[in-house]
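Look at the two complexes coming up: chain A is in both, with chain B in one and chain C in the other.
What follows is the complex of A and B.
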């Protein structure tokens, strides 16, 4: 039996704008298994960060259920939510703006411990912060430094230590390495993997970088304009991408190797507006294979075990 | 045989003299580019890539910048002896640059047509009407309908803005084009479109190109040669095959090992340990030695370039040791 830690059912988030309803997230279903990583991939504006924040109820969903360990957290009140949030944490994209510049490293990491009254005595808190710092590979001498004194990689480690302070079961990683150089990026990815093994963490890993997501995730969901267009185990998705958008996305990755001659699928145009989207397939305007059937947005259907696609061209043949 | 060089730079030094100390951004860099070739300048944040590019355009702000250079020739023209007035005639005509962020590279209060026409009108002996007509041609060349020439930058998306910036840069058919991370701010499908465009235009106009990037994948796609920069110097340079398949420098090896392999998702990443050195306080000798797994005492002495072949050189004293090789296998 699979052990699901998080299940999202028909999640929607609409934002009211002057020009109409912005469909940021439009009816998505996702599950995250315990101890596993779900990669959420898509280009800017596809709604992937909104999904991450809605799951933690940092943004209130418009519609849908978010079941965390079987409990629907959209129905919780503030106090109950505070308890659940201990188990759910977030690592932010930008290690420059996500840390309070007026607090020291140890103050930043101890903040959730103090706020949630996990530990009372200052000695205990001090010890716990020191322990967390060593877990994420921050030298003890940095205890009283300020974020501006540190480089991006170390700042991101602070963000990770802060997320770990509550001993969460589940972490949303929102582009945790995209602001970092490759050599530092590799250090942080390895750290996140080690922590996952050590603390049995489950991740949703939000990124636009396909080579990173392939390396890091067990399952991958591809988002386009608020909808999931394809979902499959990482290996399957890379070996056998079925949705035209996924195919184009994969073929667009520049590969740092010579002699890899691959067919580049160029898609025309750019992402269309998510405000009052028409009922046709969201990808229709850019799709090389668009035809009449595409006027209706296709449902996500399972084409082989664990492999879901939302496209009229693929499916039950 | 004498090489047909579009750019020849010898011993370029750039430092910024600030109150907090002297930032040694570029330290004795040599760079030759043959006509029509594309070279990728690869390195991480702070390696001095952008400073190098700006100094080739003689755009380093002085003070705090101090630029010293033994030789800088653009297609035989001595860039160092030019007055600011003369430089203005060269920039945008013989050498031009595409900046990283298309959102800030364009002037928000002029139409894109005017911004392209400005460059043509300044550098070529044509009327403004004629320049505007050519601006429309340039727009169509980069895949934007000509009637949008009268639109303002905010009416375009990021990818389209970058196309406009490319149109400006290529409007006067420069001999050398410097592209500073031209696709970093763009999504991958848009990046693919822009790279395809740059590849085609370069073929069409025979423009030489310096592609500044941190993405080795982009280098593999559009460059002929690659130079790897670290702490203000080129540590390895060669053809694509030289650097990708016969990697010599430990830093280049570290870069390759840090990139997730798309074909082998189980492979563990091997990051380079430690951090980029502080440019106000560079280590003695090879600046990479504190992070290098092959380090020995000789690495603390000044380094020189050593030729591996006619096209390939590496700046690493470890090759003095008999039988030395790095772990990454030749392909």
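What follows is the complex of A and C.
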């Protein structure tokens, strides 16, 4: 498979807490195709941001392999990692805390260029920053403004420009629009799509909002408590959700039509604690269809081409 | 989408004032901060002028028993002390000791303390524990006692005094810096810098330090004030700058014996200490406000 840019194998990240091991990410397998987008969906606390940060090794994984263009980046030392990070970038959720309040827009965008010594002369750096700003749709008059003078959408554009500065091949978008107004969300999503086409970028798009990911992703993986419960091409997942959790998530998307009554599947109860989780199906306590078999956590099995589900109900039908 | 092409010349036109001039512009707006700055500048000028005008041997320490305890007058605006020395001349000349002790000792403690605090706050874990616990041990010793111990171990001189006071305030700077770093450390822009391939040292100096600076700057100006007070206290106890140097604390100490009859002997050196300390505090407050870009209009 030569067109795979990123492959995650059995990735695990446990955090030590006072009450035991917190299984934030528990044995995940994912692949991202070059130039495609993988949507990673799940509720807050399910470990999706941890996955994103572990891919960039901002968090060291407990176990597992992360193959970026065939190279296992979990084994790289600092200098090699710095080289790889030129190709991998991160767009943050909160455009307020992801920009240093004491730096001007140009200083923020030029930071990766200077840190990696890509351009030397300040003339070149200035030109490059101006070019990046126009790429992401920032007016050049904002060159020397401070982030706090700008609105959320513009701030997020700065974050995107910074991520693009090193011409990466792969970007982890960690809920890049969830802190923004709906109208601005659309602008930023369109921008990300345009950039993907222009620079042949591959994305992992982390979000809790399925309606966002629908238009954006080629494949979608649904995460629940550190595990992937369903993984399928976007259209297939929306047309034919199999896991009870995915079905519940999809039923929560509002339909923009008057008079349509939609049946909501409500998930009862609270999310199981990720600290020392039992070996049963992680979703068992909240699942409407739970039965005896669910005491063993189901494996992710392929039910149709490209459609994987981890549920005892689905495999045997 | 804005798809405009700008030349470098045009971009330069958007260039705003430099950071220093920006800070100065904000600083100017506060009258109390300006008052502090003016007093500090005057003090420095006076110190330099006093070194030029007065001769240490004849004007400062030479005794004139005929003129003991002269009340303040035109000839001796602050009066004369028990050796007949002019108090005003001694106070003006003595500014040199207080200022140099205050500034040099704070430079020492700020450099050492902030570095330790930055490292502790940024790396956390074991490093943080070792640094903080050591600081706490030192903070458990009363600062005057620690100063006395260092002074008596290394002998009495201006240099040792600076060093002693500098060392005394290291833990305070370390704790202030570390506390200021904590909220900055978890910000996403630190992660962004890491992903961008910026080295730890560079992150500490270009992101962490500027954002954690305000409390440290306040601590510096308070530290200068504290340093001056501690130096005066040590001199008052006879452990600071050796007599007959006209250090303000030492002057207070020797004037104390005559406080009932000749209170001006303690009043003027005390006033000098107070004004200096106040000026540095005002300056610190103004600087902290001026350094915050969010306060800019």
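Annotations for the structure displayed:
Basically, the second predicted complex is superposed on the first by the 312 of 317 C-alpha atoms of A that agree within 3 Å, B and C clash if a C-alpha of one lies under 4 Å from a C-alpha of the other, contacts with A are read in each partner's own complex, and residues count from 1 in each chain.
The rule is simple: a contact is a pair of C-beta atoms (placed from the backbone, for glycine too) under 8 Å apart; a residue touches a chain by one contact, two chains touch by 3 or more.
Every value quoted in this text rests on a predicted model; they were computed, and no experiment measured them.
Taken together in the superposed arrangement on chain A, chain B and chain C fit without clashing.
Chain centres taken from Cα atoms put the angle at chain A, between chain B and chain C, at 80 degrees to the nearest 10. When the shared chain is aligned, chain C comes close enough to touch A:101, but chain B does not. Of the two partner chains placed by superposition, A:28 touches none, neither chain B nor chain C.
In the superposition on chain A, A:134 contacts chain C only, with no contact to chain B.
Of the two partner chains placed around the shared chain by superposition, neither chain B nor chain C is touched by A:204. By the document's definition of touching, of the two partners only chain B reaches A:270; chain C does not. After superposing both complexes on chain A, the closest C-alpha pair between chain B and chain C lies 9 Å apart. Comparing the two complexes, no residue of chain A contacts chain B in one case and chain C in the other.
Residue ranges of chain B in contact with chain A, taken from their complex: 44-45, 157, 159-160, 187-193, 195-196, 214-221, 240-241, 244-245, 254-262, 265, 267-272, 275-276, 331.
Considering their complex, residues 1-6, 8, 10-11, 14-16, 187-189, 191-199, 202, 207, 210-211, 293-294 of chain C touch chain A. Residues 53, 56, 58, 82, 85-86, 88-90, 92-94, 97-102, 104, 111-112, 115-116, 123, 126-127, 130, 134, 137-144, 146, 148, 159, 162, 165-166 of chain A are the ones touching chain C in the complex.
On the side of chain A, the complex with chain B involves touching residues 43-44, 151, 153, 181-187, 189-190, 208, 210-212, 214-216, 234-235, 238, 248-249, 251-258, 260, 264, 266-267, 270-271.
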